[in-house]
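In what follows, structures are represented as structure tokens.
Shared chain: subunit A. Partners: subunit B in the first complex, subunit C in the second.
And then the complex of A and B:
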């Protein structure tokens, strides 16, 4: 096991970063991925009632919307009128639903119980099996979210989004990267379960950071300037609020460029961190002979 | 008396079990402080821009935050490990072991386990309430304290009833193993005084999912903002829900068919 994985990592070491990004693309292994996705879709449909409940637990942005909406009754707050809050938080809710990640609970459990060894016998890196279930979950969520989005559009006809081919493309790219960042960072915390028993606790703090500085508690503009300045460069922003900011049309061209570059830098960082932790962890796993 | 003795044995047992995982205890105590700080910071963001939240000042809102933490502690220490665990017992059929004991089944199913480290939240919550009071420089009158205690008891009855009803549903819908998470979807709104919410949302949070009774009303009582009528309605509502949930539990129990075979 260790040998096979070791060889795989060495191969990866020779690959360029671009190729590593490609390795995550679903187009690289179409045949295997189609099989994985079919299986994952079946699994997700089996648990559809649970998933609807999990979707409902992601409503914190709507609570925040209700609060900010009431606070903005007496006038705009830092340039956000009531309508802007509605536009911001509805989009944030959508982004949060579409970037939802739970891989650490599976990974942590499977590492501690040794179930991971079964997955390691499959001729594909386990990360792809997890990615497949997450993708299937997003397909299922879209079925529910698209009608809801249309309903919201009908209920609030005067919501303003900056919908143009360019912003829409950027939004989609930022959305995919947001999901990748949430997935990869959580995966890295999950891999820590090879060494420590409190991987979930660390992930919880990371999640709290995202709620605070990723734009859930408040749009980042509403924080004191020094905090907002720092938050603009932290990974949390790119895990949730960046796609929303793009579509709200509040960013200048240079903001968008700097933001995109920062986002890609974080993606590269977490890709490398994952590679490194995984190759270390898998050896550790072999060492206690699971 | 016999039940009291049982409780002592139950909780000694829980304590011993948890003392085995001390790192866990420390990590979780740390997280309790962490989330409370997080909650207070979150409220501070609102007060950067406004000096009132639906007529409540910062120290007053802190009392709501304290109650939120207090009840979160109660839920996680007592409700989730007991009533919450029934869902799994229904699925696995291990509820048999609860039902065949020569003691009231609801008593065991509700009070058997205690996650002691979650009492940290209960204590932290009380500290925040006291801190909020001290910042306001007011001393509640004995009547206000009594209202407060009555409202806390109503809130406890309501939280318990809501959980019992959710879990009873699991007798029919075995698949929905995360139904108790639904509670948290709404409880999140209880971090702030209910007066901040407008229209339908406020009605929903007061009467359909009575989150307002859990965090806002006890705080109002302590601040002398709750009149006798509202308090009585709240108490009657809680009592009604409590009786209904008990009936519903007993009704649902008849549909329990154990697992396998």
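And then the complex of A and C:
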């Protein structure tokens, strides 16, 4: 009773079959996600209280809002009046909540304790299981964020956002890419746990970079011109600030185009980095602890 | 085309590079400045094949390389050298069509989501293993019947007992009906009744689906009940591969003679007949050289007031222990160190 696959010896045949399997699994992926999401939702609801607490840790933009609001009392700063700061930071808070990522904590733990073994045995790339957990978290967060956003809208009726169909579409796309960038870059740091035991520390530095240069401490156009110039092309901007900038209507058409292209370039970069690191790291895996 | 057994391993090696650190602060500093690495040969030139439908027991003390071998065969670890083929696939490529046909059950790692009922994990597995709905239902019914799962399916996993959890783990690992099963300590920590239960189930699965099974266990009872063939491994090397019962003949040069005396001994000494293992009131057990057994037994019957006599193979645990002792002695004679290098 020999497996037919086992008899294939030439590489060409192998590739064709590989391509078939790939096409097949892409076709089947939505069904798998439905099941993964279902389980992840179950877990999220099990841990709902702690998620609300975690959401509160993402309110640092509101603290910065208070600071800038006070500073702008005597007049606009670099074109930002008090209301502009409110509009900016409320949107930044929303974007941050919706792009929140914690995958490195799971990945790092599972690699170093060997729990990743369980996921590696499944005929699906483990990244999909992590993505599903994050998606479920976003679904849960929307239930809380939508009423809060409506409340904010009611409290500050004169906030100005550029809500044209085109900008809204761009905002949504930039939001999705921002999440992907945050997820993939953190995933790459997590993969480092195959080699080093301090992957979390490196990620903390990355996170600090995002707070500084991703628009949390200050809107990027408040930085001195040389810093802002550089920050405009760093990945941090596209992990948080860019979707906000789009909706604030402060970008020219060419700014948006250059930004979008830079954003997509970073996405391609992290996608390739992830694939490369994963294929190397998986060879290092020790599957410890069992 | 030549026949290829479902499990084929040739000259397989898996070395770990581990850095050594003296305990304490000085040791930490020293290892920070200059790390000392040594190669630990977890699996060292192992070869064997397993035929379709066989249940093979993988025996060896802790750290012998059993689990490492299972992990290489299920694609979790990249081998350092050598060849491993499972169902014709190279395991470390971890191709989905390979993973869909195997399973690895680890007694100490679980795939069930701790805070959800086991059923949730079953449904997820049904999706990622692409099990059609009707087959899923049929297999779940079968597993539910064999493992008596119905009261467990809707309980949170964390509220299950260890044995109940293991039954659910097995079910989760077998829903996709793998053709090759790697079972690493599937009965660890379970009480005797539950061990028997799991054992029966493994035998039943093997019989129903002609699955090929390689299992490790510290409980000899698992192995004697399930496996005709054993592979004994120690320090990464295969010491014995063959019939479980031949192992005793090959390794243990003794047999065990148990006697029951009709009356207390009157001056005769049991020591004259063989090595006395136990003697309590009128029961005694002696180890006698294998070749001399018939002659010694005859002499005892003639010379002692014997009510009953049985001749047995020594317990398999003792045989195995002896295998490892002999291997350790052989290593010591060759001047090898106990670990690694």
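Rule of thumb we're sticking to: the second predicted complex is superposed on the first by the 257 of 290 C-alpha atoms of A that agree within 3 Å, B and C clash if a C-alpha of one lies under 4 Å from a C-alpha of the other, contacts with A are read in each partner's own complex, and residues count from 1 in each chain.
Keep in mind that, in the parts below, a contact is a pair of C-beta atoms (placed from the backbone, for glycine too) under 8 Å apart; a residue touches a chain by one contact, two chains touch by 3 or more.
From a predicted model like this one, the values you see are computed outputs, not experimental measurements.
Asker: Is A:165 in contact with subunit B, with subunit C, with both, or with neither (first, second, both, neither)?
Answerer: neither
Asker: Counting only touches as set out at the top, which of subunit B and subunit C does A:226 meet: first, second, both, neither?
Answerer: A:226 contacts neither subunit B nor subunit C.
Asker: Is A:117 in contact with subunit B, with subunit C, with both, or with neither (first, second, both, neither)?
Answerer: Touch partner of A:117: subunit C, not subunit B.
Asker: What residues on subunit A does subunit C touch that subunit B touches too?
Answerer: 47
Asker: Residue numbers of subunit C touching subunit A in their complex, please.
Answerer: Answer in residue numbers: 1, 3-4, 6, 16, 52, 67, 71, 74-78, 85, 87-89, 92, 94-101, 103-104, 106-111, 113, 115-116, 120-121, 123-130, 184, 210.
Asker: Which of the residues in subunit B come into contact with subunit A in the complex?
Answerer: Residues 23-24, 27-28, 30-31, 34-35, 38, 41-42, 45-46, 48-50, 53-54, 173, 175-179, 181-182, 184-185, 188-189, 191-192, 196-198, 201 of subunit B touch subunit A in their complex.
Asker: Going by the contact rule at the top, pick out the subunit A residues touching subunit C in the complex.
Answerer: These residues of subunit A touch subunit C: 1-3, 5-8, 18, 21, 25, 28, 31-32, 34-36, 38-39, 42-43, 46-47, 114-115, 117-118, 120-124, 282-283, 285-287, 289-290.
Asker: Taking the touch rule as given, give the residues of subunit A at its contact with subunit B in the complex, in rising order.
Answerer: Residues 47, 49-50, 53-54, 56-57, 59-60, 63, 66-71, 74, 77-78, 197-198, 201, 204-205, 208, 211-212, 217-218, 222-224.
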